[in-house]
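Each of the next two complexes has chain A plus one more chain, namely chain B in the first and chain C in the second.
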Partner chain A sequence: MSAERDTCSLSVLEKKRRHLPGLEGVWVFVTADMTVFGILFALFMVGRDQDPEIFESSRQSLNPDFGGVNTLILLTSSWFVVLAVDAVKRKEGDGAQHYLAGAFACGVAFMVSKAIEYTQKLNENITLLTNDFYMYYFTLTGIHLMHVVAGNVVLAVLWFMARARTIDPERPTVLESGATYWHMVDLLWVMLFPLLYLVR
Partner chain B sequence: MELLRKPVTVVWAVLMLATVASTWWLSKDVVSPVVGTVAIMVIAGFKVRLVMWHFMELRDAPVAWRCVQGAWVFLVTAMIAGIYLA
Partner chain C sequence: MDQKTSLRFQLLSACCGPAFLVTFVFFWGILGNNIPNPSPSLSAEELALRYQNNLGEIRLGFIISMISVCLYLPWCSYLSARLQQIEGKFPTLANLQLIGGALTVMVVSFSACFWAIAAFRPEGNPELIQFATDSGWLIIDLQYACTTLQMVAFALCVLSDKKGQAAGTPLMPNWACYLTIFCAVSFFPASLTGVLKTGPFAWDGVMSYYFPYFCWLCWETIASYFMIKDVRRRIRESKSSSASLSLEAQPA
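Right after this comes the complex of A and B.
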């Protein structure tokens, strides 16, 4: 009996130790969103397989410096968000506020960089309708950019909450949920960038 | 400089270095296009897993969620590399 009770206690402890950050519903949404992107990645690769010359010549017209710098920006933004969650749990409200401001600034930098890149393409008369590669390029990066815009709104709300000290350090569910979404925006770009700019 | 000693900062530094290596080294003609492309996509999958495990805290999450997210990285990376090499 005693051994059985010990095993049960261990199992309960293990369950307590395992923790899913944020709301489970956010994880369901994030997984569904990632699945849609996964299907779009597959469609892009099939399109590339059917018309390799057009896809390769179009890819060469992209500037990988934009994509690479944008990856560095989003990874840094994600790092700031991790530090913000850690700061809230340590009851360091000022630190959390500063890290969230840093994450937000990175998000804005990504949007500015993307705007410059789109403007350059449009000035070269390259649009969504130019060919299949650019259809995928503008669609995939456009949908991702909408995710960045939404994420920046979330980061702004979290910053105001951190400033007002309304995030509970013991149960920062709202902050963890926002962080999970923002990390998803980051990891989607980590896959999307090499797929569009570097696969040759 | 407590910030620099945090494990998550080391993960961030690895992610930055991997990005620089992929974007400005492996994408050039240092290796054949096929080797470079496959290496870049495998590195991207590795980076995504680092983000999931250390930034999204999946290393401490219930096993089911780790399996679902881990499967996404594996399937997406294998699918891209598979169609590319086919």
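Right after this comes the complex of A and C.
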């Protein structure tokens, strides 16, 4: 009997271990998106190799504090999202709602920080036409920023769903899908930050 | 029209997808000298010389591609009818798909027409040739949102087909729908062609040309494959149901 229960709990455990968070389609999307960013990072490195002086002098003009703060903001927001998923699974609706609000606020903070950084650069008459480094800087961070905006829309929808208690604690597929996407946005920034601001 | 004839037209329309694909790559891409395409950083004289050196191919390529691009229309028309079947009384997404597809044909046609104009008097003022070439590329690269909406409408409609999914006969599997949405948003970097003349975001770059066009044609291939498979399944079902009906009609 106990052996049977053991097998049973083992298979349940295995099922839990094998469970793919979120919709399979989100993983298709994430894989494709990461591939595109992978190509972009490779193109950046090729460009850097062709014109190392311009890339290095331009990199030094970037303020790494902005990049560092943005990294912290996004890591914190990812942490909030993890807590929200956990809260939903523990059927703590209020907690999930607050954590999602925290993640959303971090997303807004990221956008504000980026807006300040862009404004500073534009005030110095630096645009994506200045040189190849800034072309990559504005396009890569711009495309990433569009991902953040889309992610914030997703987080807002999830917040409304958490408030209406329409997320199923047993199968929070929509929440997990949103969380997967948001973690990807975070991961991309964690790669973009050293690539643009730190690599000498 | 009887069902058999209707299904035959449906299959023919679905097959227009691969026909479009092959003719587009051959006439627009290869004969039109668009693989690789002219760089926006070429001077007017260099560009004019490019037309003069490949005049016959370029003229033939773009003139025929303006006709063959219309193969996209029956394909979209069938797709829209199939989406309408999924949506029922209010075919909002089916209509959006149809409008998006029809306008895509116009965008592609206008750009090819500008290049045909550029090739019309290749010995003329090089700056006018450059102007016509620039116009063609900016039209096709900046006005992609019609195609984006067409693809997203299609993917959302198929994803929402609960009845088809329950019966195990969705038009496309879910992964293909998500890939469609990804392909649709892969066009966004092409907006940078309006500003940049060199690098991966210029109109001859990886991110504004090769990758989004590959995504568009990749979607066209995947969607055509599943559409043709779907029509053939419906033809088989129609044949078996008519066979069983005729069996029932026979006197005992």
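The working rule: the second predicted complex is superposed on the first by the 183 of 200 C-alpha atoms of A that agree within 3 Å, B and C clash if a C-alpha of one lies under 4 Å from a C-alpha of the other, contacts with A are read in each partner's own complex, and residues count from 1 in each chain.
Here, a residue touches a chain if its C-beta (ideal position, glycine included) is under 8 Å from a C-beta of that chain, and two chains touch if they have at least 3 such contacts.
Worth saying up front: this structure is predicted, and the values here are computed from it rather than measured.
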| item | value |
| --- | --- |
| Which superposed partner A:D132 touches (first chain B, second chain C, both, neither) | second |
| Which superposed partner A:G47 touches (first chain B, second chain C, both, neither) | second |
| Which superposed partner A:M146 touches (first chain B, second chain C, both, neither) | second |
| Partner chain(s) touched by A:G178 [first = chain B, second = chain C, both, neither] | neither |
| Touched partner set for A:G107, first chain B, second chain C, both or neither | neither |
| Chain B or chain C, by number of chain A residues touched | B |
| Partner chain(s) touched by A:G25 [first = chain B, second = chain C, both, neither] | second |
| Chain B versus chain C as contact partner of A:T71, first or second or both or neither | first |
| Intersection of chain A interface sets (partners chain B, chain C) | none |
| Chain A contact footprint on chain B (complex, rising order) | 3, 6, 8-9, 12, 15-16, 19-20, 22-24, 26-27, 33, 36-37, 40-41, 44-45, 47-48, 51-52, 54-57, 60-63, 65, 68-69, 72, 75-76, 79-80, 83-84, 86 |
| Residues of chain C defined as touching chain A within the complex | 159, 174-175, 177-179, 181-182, 186, 188-189, 192, 195-196, 198-201, 206-207, 211 |
| Partner chain C, residues of chain A touching it in the complex | 23-26, 28-29, 32-33, 36, 39-40, 43, 47, 128-129, 132, 135-136, 139, 143, 146 |
| In the complex, chain A residues that touch chain B | 17-21, 27, 31, 34-35, 38, 41-42, 45-46, 48-49, 64-65, 67-68, 71-72, 75-76, 78-79, 81-83, 86, 179-180, 183-184, 186-187, 190-191, 193-195, 197-200 |
